[in-house]
Amino acid sequence: MDSLLLLEQTLNGLQFGVFLFLISAGLTLVFGIMNMVNLAHGSLYMIGAYFAAAISQWTGSFILAILLTIPASMLVGVVLEIVALRTLYDRDHLAQVLATFGLILFFNEVVRMIWGPGGQFLSPPDYLAGHVEIIPGAPYPAFRLAIIAAGLIVAILLYVLITRTRIGMLIRAGASNRPMAGALGVNIKLLYTLVFGLGSVLAGFAGLMAGPVLSVEPGMGEPMLILAFVVIVIGGIGSVRGAFVASIMVGIVNTLGRTMIPYLLGSIISTEAAQTAGPAIASMLIYVLMAAVLFFRPQGLFPARTG
Amino acid sequence: MAEPLLVIEGLIKRFGGLVATDNLSLDVLPGEVHAIIGPNGAGKTTLIAQLSGELKSDAGRVLFDGQDITDLPAHALSMIGLARSFQVTSIFRDFTALDNVALAVQAHAGSSFRFWSAARKDRVLRDPAREALARVGLGARADVIAGDLSHGEQRQLEIAMAIATGPRMLLLDEPMAGMGGEESARMVDILREFKGSHTILLIEHDMDAVFALADRISVLVYGRCIATGKPDEIRANEEVRQAYLGEEEAVHA
Amino acid sequence: MRSLNPRVVVILAALLLLALVPPVMGALNQPFYLELFARVMVFAIAALSLDLILGYGGMVSFGHAAYLGIGGYAVAILSHYDIGNGFLHFGVAIVASAAVAFVIGAISLRTSGVYFIMITLAFCQMLYFLGISIEEFGGDDGINTSRSDFGSLLDLGDATTLYYFIFAFLAGFLYFLHRLVNSRFGMVIRGINSNERRMKALGFATFRYKLLAFVIAGVLCGVAGALLANLTQFVTPTIMRWERSGEILVMVLMGGMGSLFGPVLGAAVFLLLEEYLAALTEHWMVIFGPFLVILVLFARRGIYGLIPERSGRNG
């Protein structure tokens, strides 16, 4: 196999993994700390993408889009938490799943109402629109490299936040043993809103970065959401570190799988059959991975919960 | 002397650095009421969990009628005749008391892979269930929703469910838990009914009950059995008095 | 004379109304409603089957729509190879659903809580992806199918016959599940839902009962899928998307879970509301979404829970 193609696909996998991390980091914190299944998290990702697209189209500036989308995402997230999600904390997972499912339907339709069912364009800034030669003879889209870089920076910032700051300590305590943290006098309500806001920002930022690469359209959040859940189940609920490892794993397996499996299959069975079976197996691969992890290590790779 | 029905040999359970069950050995003779007492933290809860298939032991053996049951899961233990009641009431709150006991009967009354006939009309299940309820004094409360029963009645229901499975041995985990004086006395009367016909391993804090019912008593301290013997012997045992009874007697006085 | 339980009255009345749809709609010359109510009944069966494991068994499966797809594709794939025999169609739908449910259940039931929800959702997605990948059977676009052929016994090409065919399954399954949940097996499932730890202590090997319930539910939903394929003469992988699973969950919850007939009501309300709202505005989801949220937050026992019972005890 062409090693350049392999390199390119690996980088693509890494980039996809970064998206997944940005989405699943918030999701795993919300789930780990508030014990809440929030299906509408994908909608926050979508809203981030739409905001960014709108601002970018209106002002022509990508930087401005970043600067405005981040606080906007946080605002939407916090409002959502206060208005709709607070009442769900005490309810069982089924109720949470269904209520947030309703929110997905609502948001997808709102977006459709405002912008129509077609896709929106979010162009990357000119200085990132070209290619970079990572090794001579191997051009790779600059924007995708920027995504990987941005994601890694966010990962490091999150790491510092969670392990080195007081707020981070409270978050870890909440993820580890919520009732205990509450009993110790932590202002749980504020912590929840903060965590949710943080998750919304991460999701919105992911949407912003995804816009130029994937399409900005209604329902774009759900495929990512499912994968994000797979990631946090594999990584361990409540663990940002687990989310990071699992995202990269899933991103690479998913992307490489799609390229390699039809190719590998083609050497065993007929090309036609491989063309059909290949993509099918590749898309199922992630779920097989999740099932395997759940089978052998039901709490995931880096479980945060002790209480 | 008869062969013991239950033999615990060198049972060990560690939680990290803590040894909850520390090379514990004791036996239960058929037909006897054998009480286990001990201060809080002595390892009684851990022992029950190990004996009832909920916790895997690190070392040691448990033999039931000669058969090694050390690693058997909870449902298998029930099927070979070892029934338990729970310290924290564990019943089916939305079903009636009769439904609760009927389920216990059903577990041991043939196949549950029957999909058509109404279980509530099956006399093979309902009759023994009513009988068990009557034996614990809940006959009149058969049609009350279990969640609506008083705490004491729920504890009685626990016992009824245990005996309804037709066990050879009962593992009773603090049947008197949370009961006041009058209720406890009633429970002692109920349990006294089963003396002789059932072999009972009784974990209890309530000393009045223990001395009223037990044929033999074992004292657990820090995961080990420090003494086993008849009630009078235990009452007189200096080591036991220091470790446990001294405090209890003061409370009960 | 026994006094009538209001709930039984509602059920019988509803079934009677459903049975009267063909003659009434025929007289009013509204064939559209015939198909609409047939759809309602198909999804009522799907919701019913989910209620068995959800309402009675406490297993929150977010992947139930997969079986609609399996049943549908059984019919479509056999038709594709010119095998039209109805008995084969339904037979394969049943066997395939059972086999898939067995495998999915055997793996998923080792987990619980939200992990169970996620893993059932994942399996559903897997089947969806499998569906869109296989070009031979239409892939993303779906595939047309001819109706199941029962020879001289039944002509499913006749809309009214097909309607009553579906009705028979609905009524039959309702009765079957009614007996099932009150049978020994049903008691075990309900006991497991109530207190699994206690069930194990009593001597029940709980896993096998949960798995069997899961398989039964899958089979019933597979039959619904085969019926749907006959109704629409078209099968597409989108029927297996997790959003569809979510909709079936909504139907059960809306109608009232753990009641068997509640899901039937839920399916009817859901689909009829969908029709009504879609006629009002293109953007009906904007209303429906929040409605769903409010429903979940406030109507804990669903529509069926609003109908009074005769006595305190639920059957």
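For this structure, a couple of remarks:
Each chain gets a letter, A, B and C, in the order it is written, and its residues are counted from 1.
Note that in this section a residue touches a chain if its C-beta (ideal position, glycine included) is under 8 Å from a C-beta of that chain, and two chains touch if they have at least 3 such contacts.
The structure presented is a predicted model; accordingly, all values stated were derived computationally and were not measured.
A count of C-beta contacts for the chain pairs B-C and A-C puts A-C on top.
With centres computed from CA atoms alone, C is the chain lying nearest the middle of all the protein shown. Subunit A and subunit B, compared by their mean Cα positions, are separated by 51 Å. Per-chain CA centroids place subunit B at a distance of 44 Å from subunit C. One finds 32 Å separating the Cα centroids of subunit A and subunit C.
By the touch rule above, subunit A contacts subunit C in their complex via residues 31, 37, 84, 87-88, 91, 93-95, 97-99, 101-110, 112-113, 222, 226, 229-230, 233, 237, 276-277, 279-280, 283-284, 287-288, 290-291, 294-295, 298. Those residues of subunit C that touch subunit B in the shared complex are 179-180, 182-188, 190-191, 194-195, 197-206, 209, 212, 312-313.
By the touch criterion stated above, subunit B contacts subunit C in their complex at residues 52-53, 73-76, 78-79, 83-84, 86, 90-96, 99, 102-104, 106-108, 111-120, 122, 125, 145, 161, 165.
Interface residues of subunit C, counted against subunit A in their complex, comprise 54, 60, 62, 107, 110-111, 113-115, 117-119, 121-123, 125-126, 129-130, 133-136, 242-243, 246, 249-250, 253, 283-286, 288-293, 295-297.
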